[in-house]
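What follows are several structures.
Same chain, two partners: subunit A is paired with subunit B first, then with subunit C.
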Partner chain A sequence: DSRIQYERVGADVTMKCGSMDWDAAVTWTANGTDIDDSHLNGSYLILKNVDLTRSGQYSCYEGSSWHLKYQTYLKVGVPPKEPVLMCRSNNYPKGFYCSWHLPSPTYIPNSFNISVIHGTREMVCEKDIFPKNRCHIRYLQLFSTVKYKVTLTVTNALGKNSTTLTFDEFAIVKPDPPESVVAKPVPNNPRRLEVAWQNPSSWPDPESFPLKFFLRYRPLILDQWQHVELSDGTSHTITDAYAGKEYIIQVAAKDNDIGTWSDWSVAVHATPWTEEPKHLTTEVQITETTSTSTSSFMPPPTTKICDKGAGVGSGAVAVCWTAGLVLAAYGVLFI
Partner chain B sequence: GDSWGIFAFLCAALCHLPAVPALNGTEELGAGQSIQKTYDLTRYLEHQLRTLAGTYLNYLGPPFNEPDFTPPRLARAERVPGATVDLELWRGLTDNARLAANYRAYSRLLCYLRALDGQAGTAELRHRLGHFCSSLQGLVLSIAGVMSSLGYPLPAGPTAAPGSPGAANDFLKKMDEFWLLKELQTWLWRSAKDFNRLKKKVPPAVVTLRLEARGF
Partner chain C sequence: MAAADTPSAALRRRDLCSRGIRLARKMRSDVADLLDIYVEQQGLDASISVAAVEGVPVAAADRWDEQTGAQRLLDNLAAYRAFRALLAQMLEELREELGSADAALGQALAAVLLQVSAFAYHLEELLQLESRGPPAEEGSGLPAPPHLSLFEQKLRGLGVLRELAQWAVRSVRDLRQLAKHGSGSGPASGPAES
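Right after this comes the complex of A and B.
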């Protein structure tokens, strides 16, 4: 008959060949490979100080007939360490969720049981399908003076462990980071950047439960952040950016009155508006004055005008060409 | 039995101190600004309470000053008004009901807090309690100001709850004090949300019109 056997790492395992006598002649295999006689004590298989590599299928065959007398699947593992539990309300005042994980693997299957007690009442924490190891609870009442007590127990074939969290309704409020953060330069303003964002979509009622925000920004080349706290609105204009430097910007959110700050949003990059370099404009002016003072019309060197838009792409080249033709046409007219 | 009588007397005496607010000043502010002022006051008080509660719970000693202390709420007559409320019910409160609930709660809480005053441990603690009570009185007056500027009647003044049993022993008395502070803390958190809602719903323009009408 087939079965599963769980053993601890470091344990000594003795396997009996079913109902066979101790002095019967048997052969043991591990995952189909014969096991050396040195591990045998009569018909018993002795595995000392097992490690994870010992996991596998063990079979015992009667010596001569090669009948399968016993089979088991050995799974080597460890009992669970104290689990890590976290509870958080990112959707206040709807409710909260708890999520957990084991600090290190057990190598064998574990089952989790979570209990939530509020005063004298036991509440049901509904398990989420995804992600696993997470469950959520809806608040039945708001502004509770009684703490919530959440106990997570993890059990496997080799042991169990648990951890408990006790908290006030207000203490676990932590919104998700703001969404859709966008930063843009402001035309004709070399020291400004316009930043805009949205409330996290998981926050259900920003009207009655407004959020406040924390903005941080720095040029990529510096380590020091600058901070702005904003109690209103979902946009802000930075007015002290270093000209021409690329900036990294992030925003965090918090309920106006309770709980803690969210994690930082995804970082956005932006560089303030910069003016076009001045020297090109002056060259064109000089060329134009020279051409007007002479009697015969000379089309100004089109290359200089085209340099202005040189970086923009093939479209600019087409424009330059057309400009050259037009100027040549005018030149012909005046001759 | 004996201690309850004294408590009831104290409460009655302290609570019937003139609590009628001086209305003239707040009416000129306009409801919008008064609501903001009241909101700011609740934040200030919540901050003050953090230090005060810590000190007071230490004075009460263990287990009251243990962070995870979660005693069951004894089914005694509700002397301290509860902040806990069903979500939809809270959402659906009229402005009047919302303000009235706050007014009643803080009037009562102030009353009980004042009764603590005379018994608390060190002179410093009593001084802190006294200061907090003054600020709390300011909050009650502020709420009254908002209500009157919006034309809502003030709820009847707080009276000592008749017939409710006094603490049978020292431990239960401390338990009562623990819950008093807890309820106060929760109310201050709730009020921030109450006044946020009121801020959005009361347009200052409406009140200005009313004041102008009164001028004629």
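Right after this comes the complex of A and C.
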């Protein structure tokens, strides 16, 4: 019959060939390959100081008949180290979740058990289907001064370990980052960028539990961020952008009254509007003799080259070659 | 049901709620500072656990989202009236213990007491608007203070301030719900619903 045997890395392992006598003639195989007699003590298989490569199926056959007398699956591993546990509420006031992982692998199966205690009350942490190292709890009470105590125990065949977190309701509140951040130039305003975003979709009731926001922005050519804190609204106009410079912008969110700031949102890039240099446009038009339309105020060549036709300050990712000339000219002025 | 559901009453309610929210947030900030001073001056460990203290209104609420606006106001008013008496008691005990030696703590405590009184008055105004009128205060509001050792008094004080800090946060949320839903029945779908 088939069995599994767990052993620690570094252990000495002795396997008996079922009910066979010590002096019986046997053959041992590991994953179908005969094992050298040097590992045998009579009919016992001796594996010294096992490492992970020793994991596998071990079989013992009676010498003459080749009857299978014993079979086991050896799994070499280690007991679990103290797990890493984190709890957070990104959907306050609905509840919170806890997630965990092991700092290093054990190489054998582990099981996790989590307990959540609030005062005298034991609460149920419902395991998520995905990811499987996470569970969530609904708040049964709000505004309590009583701390939550969460204990995670990890167990495998070679040992167990645990960790405990204690926290109060407000401390773990951390929203997800704002979503759908968009930054656009403002027509005819070379120093402005309009930024808009949305509340994270996981925040259940932004009207009753409003978020405040922190916006940071900098031109790509500089390392230092500018910061703006906004107590309401989901948009902001940057009014001190360097003309013609591409900016990187991010937003973070926090409950107005409790908890900590979210991680930064996905970064967006935008360049403020710049005026089309008319003299340059005219020169370029003269050099293009065949491909332009008939209007005397033709759209500048940049419109054809760029994907978005509103001119240089369209916010498009692509940089037109003529705009590059303009930017280079501005760069000389500003750097 | 509140009779004051006219547009002007609704505007007045929103205005009072907004002001109340600002008062509560300022109060919370000052209570946080007071807690720091209190813990330091009283020689306590900030992380010490304090069991529930008799007579201190507990901010924790089950089914908070299902409360009506009127219930929120009444609960808040009862709480702040109790805190008013508790803080006055603490101030008296502090004066007996320290005389006038610790001006900073005494001043901070007195300032918070003033804010608590102001907030209680503000809640009474809101209740008037809801045509309910504030309930009469019950006698001195608190039973006679239990006889406690000095250390027990300090722990009790810590419990009072911590609970007050929670109430300040809860009051902001309560007033926001009140501004949103009025004083009638609770919201159609509260945040705790899936």
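We adopt the following convention: the second predicted complex is superposed on the first by the 279 of 335 C-alpha atoms of A that agree within 3 Å, B and C clash if a C-alpha of one lies under 4 Å from a C-alpha of the other, contacts with A are read in each partner's own complex, and residues count from 1 in each chain.
One rule holds for everything that comes next: a residue touches a chain if its C-beta (ideal position, glycine included) is under 8 Å from a C-beta of that chain, and two chains touch if they have at least 3 such contacts.
Nothing here was measured: the structure is a model prediction, and the numbers come from that model.
When the two structures are laid over each other on subunit A, do subunit B and subunit C clash or fit?
Here the two partners, once superposed via subunit A, clash with each other.
Just checking: does A:226 make contact with subunit B only, subunit C only, both, or neither of them? Give me first, second, both or neither.
Neither subunit B nor subunit C is touched by A:226.
Based on the superposed arrangement, let me know which partner A:198 touches: subunit B (first), subunit C (second), both, or neither?
In the superposition, A:198 touches no partner, neither subunit B nor subunit C.
Just subunit B (first), just subunit C (second), both, or neither: which does A:149 touch?
After superposition on chain A, A:149 lies in contact with subunit B alone.
If we overlay the two complexes on their shared chain A, which of subunit B and subunit C does A:71 touch? Say first, second, both or neither.
neither
Looking at the overlay, what does A:120 touch: subunit B (first), subunit C (second), both, or neither?
first
Report, in rising order, the residues of subunit A that make contact with subunit B in one complex and with subunit C in the other.
Shared contact residues on subunit A: 93, 139-147, 170, 207-210, 256-258.
Quick check: in the complex, which residue numbers of subunit C touch subunit A?
Interface residues on the subunit C side: 25, 28, 49, 58-62, 64-65, 162-163, 166-167, 169-170, 172-173, 176-177, 180, 191-192, 194.
For the complex, which residues does subunit A have touching subunit B?
93, 119-120, 139-147, 149, 166, 170, 207-210, 256-258
Report the residues of subunit A in contact with subunit C in the complex, numbered from low to high.
93-94, 138-147, 170, 204-205, 207-210, 256-258
For subunit B, which residues are in contact with subunit A within the complex?
Against subunit A, the touching part of subunit B is residues 43, 46, 68, 70, 72-73, 82-87, 90-91, 179, 182-183, 185-187, 189-190, 192-193, 196-197, 200.
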